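A short write-up of the structure that comes next.
Chain IDs A, B, C and D follow the sequence of writing; residue 1 opens each chain.
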Amino acid sequence: MQHDKNVTRTIGHLIDGQIVNDTARTQPVFNPATGQVSAHVALASVATVEAAIASAEKAYPAWRDTPPLKRARVMSKLKVLLEQRADEIVQLITAEHGKVLGDAMGELQRGIENVEYASYAPELLKGEHSRNAGPGIDSWSEFQPLGVTAGITPFNFPAMVPLWMWPMAVVCGNSFVLKPSERDPSSALLIAQLAQEAGLPPGVLNVVNGDKEAVDTLLHDPRVKAVSFVGSTPIAEYIYSEGAKHGQRVQALGGAKNHAVVMPDADIANAVSAMMGAAYGSCGERCMAVPLIVAVGDEVADKMIDGLKTEIAKMKVGPGTQTDNGGNDMGPLVTKPHFEKVKAYVDAGVAEGATLLVDGRGLKVKGHEDGYFLGPCLFDHVKPGMSIYQEEIFGPVLGIVRVKTLEEAMKLINDHEYGNGTCIFTRDGEAARYFSDHILVGMVGINVPLPVPVAYHSFGGWKRSLFGDLHAYGPDAVRFYTKRKTITQRWPSAGVREGAMFSFPSSR
Amino acid sequence: MQHDKNVTRTIGHLIDGQIVNDTARTQPVFNPATGQVSAHVALASVATVEAAIASAEKAYPAWRDTPPLKRARVMSKLKVLLEQRADEIVQLITAEHGKVLGDAMGELQRGIENVEYASYAPELLKGEHSRNAGPGIDSWSEFQPLGVTAGITPFNFPAMVPLWMWPMAVVCGNSFVLKPSERDPSSALLIAQLAQEAGLPPGVLNVVNGDKEAVDTLLHDPRVKAVSFVGSTPIAEYIYSEGAKHGQRVQALGGAKNHAVVMPDADIANAVSAMMGAAYGSCGERCMAVPLIVAVGDEVADKMIDGLKTEIAKMKVGPGTQTDNGGNDMGPLVTKPHFEKVKAYVDAGVAEGATLLVDGRGLKVKGHEDGYFLGPCLFDHVKPGMSIYQEEIFGPVLGIVRVKTLEEAMKLINDHEYGNGTCIFTRDGEAARYFSDHILVGMVGINVPLPVPVAYHSFGGWKRSLFGDLHAYGPDAVRFYTKRKTITQRWPSAGVREGAMFSFPSSR
Amino acid sequence: MQHDKNVTRTIGHLIDGQIVNDTARTQPVFNPATGQVSAHVALASVATVEAAIASAEKAYPAWRDTPPLKRARVMSKLKVLLEQRADEIVQLITAEHGKVLGDAMGELQRGIENVEYASYAPELLKGEHSRNAGPGIDSWSEFQPLGVTAGITPFNFPAMVPLWMWPMAVVCGNSFVLKPSERDPSSALLIAQLAQEAGLPPGVLNVVNGDKEAVDTLLHDPRVKAVSFVGSTPIAEYIYSEGAKHGQRVQALGGAKNHAVVMPDADIANAVSAMMGAAYGSCGERCMAVPLIVAVGDEVADKMIDGLKTEIAKMKVGPGTQTDNGGNDMGPLVTKPHFEKVKAYVDAGVAEGATLLVDGRGLKVKGHEDGYFLGPCLFDHVKPGMSIYQEEIFGPVLGIVRVKTLEEAMKLINDHEYGNGTCIFTRDGEAARYFSDHILVGMVGINVPLPVPVAYHSFGGWKRSLFGDLHAYGPDAVRFYTKRKTITQRWPSAGVREGAMFSFPSSR
Amino acid sequence: MQHDKNVTRTIGHLIDGQIVNDTARTQPVFNPATGQVSAHVALASVATVEAAIASAEKAYPAWRDTPPLKRARVMSKLKVLLEQRADEIVQLITAEHGKVLGDAMGELQRGIENVEYASYAPELLKGEHSRNAGPGIDSWSEFQPLGVTAGITPFNFPAMVPLWMWPMAVVCGNSFVLKPSERDPSSALLIAQLAQEAGLPPGVLNVVNGDKEAVDTLLHDPRVKAVSFVGSTPIAEYIYSEGAKHGQRVQALGGAKNHAVVMPDADIANAVSAMMGAAYGSCGERCMAVPLIVAVGDEVADKMIDGLKTEIAKMKVGPGTQTDNGGNDMGPLVTKPHFEKVKAYVDAGVAEGATLLVDGRGLKVKGHEDGYFLGPCLFDHVKPGMSIYQEEIFGPVLGIVRVKTLEEAMKLINDHEYGNGTCIFTRDGEAARYFSDHILVGMVGINVPLPVPVAYHSFGGWKRSLFGDLHAYGPDAVRFYTKRKTITQRWPSAGVREGAMFSFPSSR
């Protein structure tokens, strides 16, 4: 992508508390609702990333020795600042990602909840103490920080996913280098600046913008002790094995293809309403989006289709910033290439034999003809083997798969390469329990379409949706961002105590 | 005590979100630095207390069903308000209690830490879940609120001790009736109002001022499910048995007589400095004050005395509000009767044969001749059996007991009726561990003179310093303010899942 | 009751590892299946109980200092011995209590699970450790034992309820005095002897048989730090307030009147089968028995009645020891007076207007005409206010209450004075969740009629079914049988480390 | 190594409950005390390993659904069997590894403690439950097993290290394939057979003997979900990156070079005695052995040397099986090549300039001239950069490094590539705390030379001593051998509950 000379705003890095630009290489950032370039983002060189790592390493010792309660209070203050500056952050998200403002606010809110959880650090960092592990021997564990840690985050939640990572990392006593998505980096950068305003010392959190060069520098530097990643599965796999090869601790979250099972006894109106948001919210560009309905019985499938068609007909698609008439329901896709890719999936679905009930391909948004808008699409008769069944589309494309039994539905899900989220709609306790117990998926909703765990639980998929053993945020993040140290202690006798006992009368 | 007609300010109650006065009975509130009446406090009748309980009962169901995260956020907001309004609160504390402003700020800060801990509620309220407790059987525990709870708090920490109680109670989903000390009720009342400003619904927290009539009403009302108390041991004992007789859950914290052991290898300068604050801070009116030094060996005793006399000579005693020249180190005692009582203990100490090294009885503070000022007193050769050894004085009276061995020191402490706090000064790991392991005291300091646990641990003494089984604030408070509910669940088979499996092809 | 001179077996006490008899006062023990005296049990005098307490106090210090892992291993060994000697123990239970052998084995099995849980002590006794609670300050909690503890247990689970208590108490480092029910004391005594065989040092566990004299001695002795009780509500209330008055930590579990709600969508066959055991198992002499069905809708009531009548007709009632033809389903009631009392309740139910569908009053068991046998009784149209609705009968008497809605059923339950256990039969997730969330009962079953928590959760009711704040066995028992000690530690600088740094080259 | 035709005993594999031999490739197993071949061990082919994996996969579903309590009881029974068969197991260890019997018994005891911890599974597998995560929404976590897991273990603790792994893996519900060291495989195989005797179903635990072919098969098979490894750092690194490349969860424990710091105030007699065992126990073939003393001050160094030389002179080196005169203190090294390697290190130390105070190279054990015996060696003036300082020798070679300050000692340790264990000898609380806080080592002893965590804590080093984020055994093992599943549940309204409420009177 080329440099547009008419646009002068450059998005730089945050290193050691200062905004730094290295403009040798830049890349345009687009407004997806207009197709216009809104800024250029600096792409960090190896040297710039190394400067960020050096800054993090320098800030680490003092921060590590800052009591957890004090570190936690920076998080409490950041929370207040994020609430005060929410509108500004949300505007940045929408301008670069395209999602509607309300959706951006929801994203930010979820991110704030992770900051809130990080503020519980004094409770979360408690170790375990055993008196008399042996006679006169005590033993306890401490969860000490790792040192410099890093995070690499995706475009689809530009504010939230960084907040999954670095607040927990820094509150545990680490310093951090964040590499946000180069497509929509502004909100993460602003939030990092607010963290400093809240009291985070310079260098504890650094932000570098960049591409593969930055990523590989982070993965190969021995000063970086741990890397968290969220993105697609091929990259997650690369990060995991590359980091591991360099001795790093890695958690890498990848793609998803989430199925919602609708049972014959489901509350259909509720399921339809839930699925509208789950499929089309944020244009389907969520790793917890639900692009597949597995209807148990044709009757269920037909009712769901009736409901969905009615709702789709009411959807408003347009710029995310529009606020008149209650605003839009869905904005544009994130980039032109992604728009083309999603449209190609719809073409492929038709070619592969699925029934396209609602076709969003022809949509034109008046006054925004260059925006990357695609209308909602709905397929019936989607089947395993079709590309629209197997692959993660990350667009507003919902497919219906028809099965006869819950067992059949579960086999589909368990055989799929991804295992991020799933959901069942039913009123029946037994069906829900059987499903949640046996399904090979990490996050399960019972009548909850997007079962994103709350901030005090942890987020993570199974199978090829996550590489590593600890999940993101919540309790698992404490363990990921700390090293266990176990201390065993026995004091020798005949010290001051016994000495005092026997020698006193005479000698003192 | 009589009603002073020249003073028109009346301190009322907070019931159902409104300030309420029932002025049938009142009692004067004094400024201990001047001896003047500053206000009258309403003494609640049975009817008033019952109105407060009724308000709490009415507010309970909706508050109970408010998700813990939302309840926690009220605490986060309250924390911000308390920090913003700290100066005002601290002025109220000093005006009614007498302690110096810096000390009052320290008290408030400790209280805020409890509010902070309460804001971790979503983490703290987690129950335990067991999949397959039996085949197809799950079992889990929930910690549900009790309903209406109550707290009765002492004069010596008018802001902090209430904050030990109600934030944890309400964040667990209970409603609360607070009866603060009638001697210095204003700061607790203001804080309760700030809680409402922070979003606490009316009636969730009520404040009633009063005396034994109010206390007994709380103890005898079947709607009150739990009572927390901090005060003297005889009252604590009464509260515990009276509440128990009425089927209430009770935790009652009583008196203390904390000993500090100084070992021959101690850092004496450090011990002297620590003991100055521990003995004379807040005029010794703290349940964690340390009025007794147990010196192991005469050499230690003599060195400690040298150091203490030097430091005492530098102490400034005067009004707590004074801020010139860095302010005073110690203010007046809380009331005239208490002043007389403490002075009588000093007289008794002399009569019983202890050596009064520093005599604070003659102190006159210029311009504040009617204030309840007593200078710091220091006794040597204090011995078990003397009233100044056995009883809680709650004044600026420090005594030194001489022993020959740590064993002898520990026997003294273990034989004393109280077991609130204690401390050892030593460099020796073995001495510290032996002491902390075997001493019959609930809170133990190793070179820490006032080992008040941080807010994320719990506060409580042993022996006759605490009646009940759970300590105050911290993790124990979660358990005290909640009831365990254990659910065991098995779903019958042959429901929608199996039904669906067999009947589909034909019937749908 | 009189002494039968033909019976020579005397059941004594276990004190300091020895069987002791004080036969000044004795009481006969009956075989309820025959009405014959089988032994006499010694009733401990004050002096005997004090000897047991003294033995426990003497054994305490060394046991307290035995590492938790070693204490836990005594429990592991006891578990093996209990399994090896199960038949013998079960024979003792049936001979004195009357329940059928299979039921006695179930009881013992549940008790063994508590021994098993006690063997996890090293994990359960972990305290919480906080590094850098302040700069250079560490703080941690230890859960230290109380000293001498005691338990008073009921006749209905002579082996299991003692095993709820003392294994957890002693594995936490306490010593213990058990006073089992004087009606069926033999199994508890044998198990205590097996504990010594497993390695429990003499005096750590003592057993005294006795009556109110023994109970009051335990409640009034200052050496006894905590008392656990299971029995009827009036006695529980007495124990709680009397213990509290003497400064003891008390948990007192009382009576119950458990309701099972059957919803219109329930699996009726399953509910009928479950209710047969819940109502008539162990002759209804269980605090978790379910003597009331609340049928939502007349259709449900009628179906339940059909099913129950069919099943009742098949029940075999006779001596618990009988093993031919698969044994009996139900044995005799525990004593003659209890038999008379239960029968009087049935008479009262008829008089109060309930419909007696099955009348067990006329039952005669051939060859056991003097046994205390009462056949299963079934009432329809039971209503609040009737004595058979309000009071705990503890007999084989099942009543059906008819209501129209779940709300109505829940109001009944929530208004009842007891809140021990309850259960709902339904397939519907929403109904189950609404019920379990809002019902004021401590142990809730969803399609599980007797929701006795597994040993790694805790047992306890709400309202007047439990006095105290911690439940029996499981995690709560750890907290009940230990005192929290919080240690705060800071080491003075300029010790050997810095000393070494500066002075080494020259001075050493 | 060649096949010795005179030896007919072959050590095979345990697959699906059966002993299987594939003798296409074998390798001799030696008795290190005699240098004689005692058996041949089968080296598994790819097909054999795949058969083991298939067996594990087949056994998994039923075992996964077995309630944790039942799985735990297999561990309880195994513990009893291990105690009963301890002598036999210990003989196998000594015969193949060479360590003295007492040491082998210590190893087995430690292993049994892990079995004991595994038996706590019902407590350890509890998830976290949150009521009202949102209005009417509950959320909880379950820790579900992974499926087929594997372990690869070293020669130096042939019984213990396997017991670190598979008991925790299987008690969490996984099945397991163990590949023990091919040098001393017999004890692990016998223990696996005892596990089946204890009730472990066939296929849940399989043992394959083999070499790199077996290891690579385990690392490349997609059915193997997780691999635990203990061995040298180069192999650990290979395992970690190779497993990660194949998407496996891996924890790989590598080498060590543990330093013991002796401070000027240490109890020297105690330190000497502790170091004798730490340096020479099991011939130094322990990853927690302490081959380096860092003496703070020359005075300390000299005193330690005096003490060590005296003790070394008393040491008895000979066959591990010898029991007369209290047995030997140290046996032979494990293999001839290893013997040569260790001797070469001693040669190198001399060549590099360290002072060899005690030379064990010339040792001949009478009657065992072909055994791999090396006497204890002691070096003074060991310095960083020397091979005997940098590298893991795994032999009876102890070196003394002289430093002037604790800071200097700590810098040495922190700069070393390994960070497994370390220890400080001091009486001073401050020195101990400063050391344990800031040292970059995972397991720290304070006056405890081998700070191997007890079984209810976890084992793991830092830096290049461990690859992965979770430590071995203890609480971390639960997390390593399970996947977190988070369930979020909301039930739709208008189901049977409300339906029942409104429609009853008329319709039923």
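In this text, contacts are C-beta pairs under 8 Å (C-beta built on N, C-alpha and C of every residue); 3 or more make two chains touch, one makes a residue touch a chain.
Please read these numbers as outputs of a predicted model, since none were measured by experiment.
S.K.: Can you check which chain pair, A-C or A-B, has more C-beta pairs in contact?
M.R.: A-B is joined by more C-beta pairs in contact.
S.K.: Determine, using the mean of C-alpha atoms as each chain's centre, which chain is farthest from chain D.
M.R.: B
S.K.: Could you please state the distance in Å, as a whole number, between where the Cα atoms of chain A are centred and where those of chain B are centred?
M.R.: 43
S.K.: On a C-alpha centroid basis, what's the spacing between chain B and chain C, in Å?
M.R.: Centres of chain B and chain C (C-alpha means) sit 36 Å apart.
S.K.: Hey, how far is the Cα centre of chain A from the one of chain C, in Å?
M.R.: So the centre of chain A lies 49 Å away from the centre of chain C.
S.K.: Specify, in ascending order, the residues of chain A that touch 2 or more different other chains.
M.R.: In chain A, residues 69, 122, 126, 128, 130-131, 133-134, 140-141, 426-430, 432, 446, 454, 456, 489, 491-492, 495-496 touch at least two other chains, as defined above.
S.K.: Can you list the residues on chain C that touch chain D in the complex?
M.R.: Its residues touching chain D are 69, 72, 76, 79-80, 113, 116-117, 119-120, 122-124, 126, 131, 136, 138, 263-265, 296-299, 404-407, 426-431, 433-434, 437, 454-456, 489, 491-493, 495-497, 500-501, 504-505, 508.
S.K.: Considering the complex alone, what residue numbers of chain A touch chain C?
M.R.: Contacts found on chain A: 65-69, 122, 125-135, 140-142, 144, 426-430, 432, 446.
S.K.: Which part of chain B faces chain C closely enough to touch in the complex?
M.R.: For this pair, the touching residues of chain B are 128, 130, 133-134, 137, 139, 141, 226, 237, 240-241, 244-245, 247, 249-250, 266-267, 270, 427, 432, 436, 441-448, 451-454, 456-460, 462, 464, 467-471, 475-476, 479-480, 483-492, 494-496.
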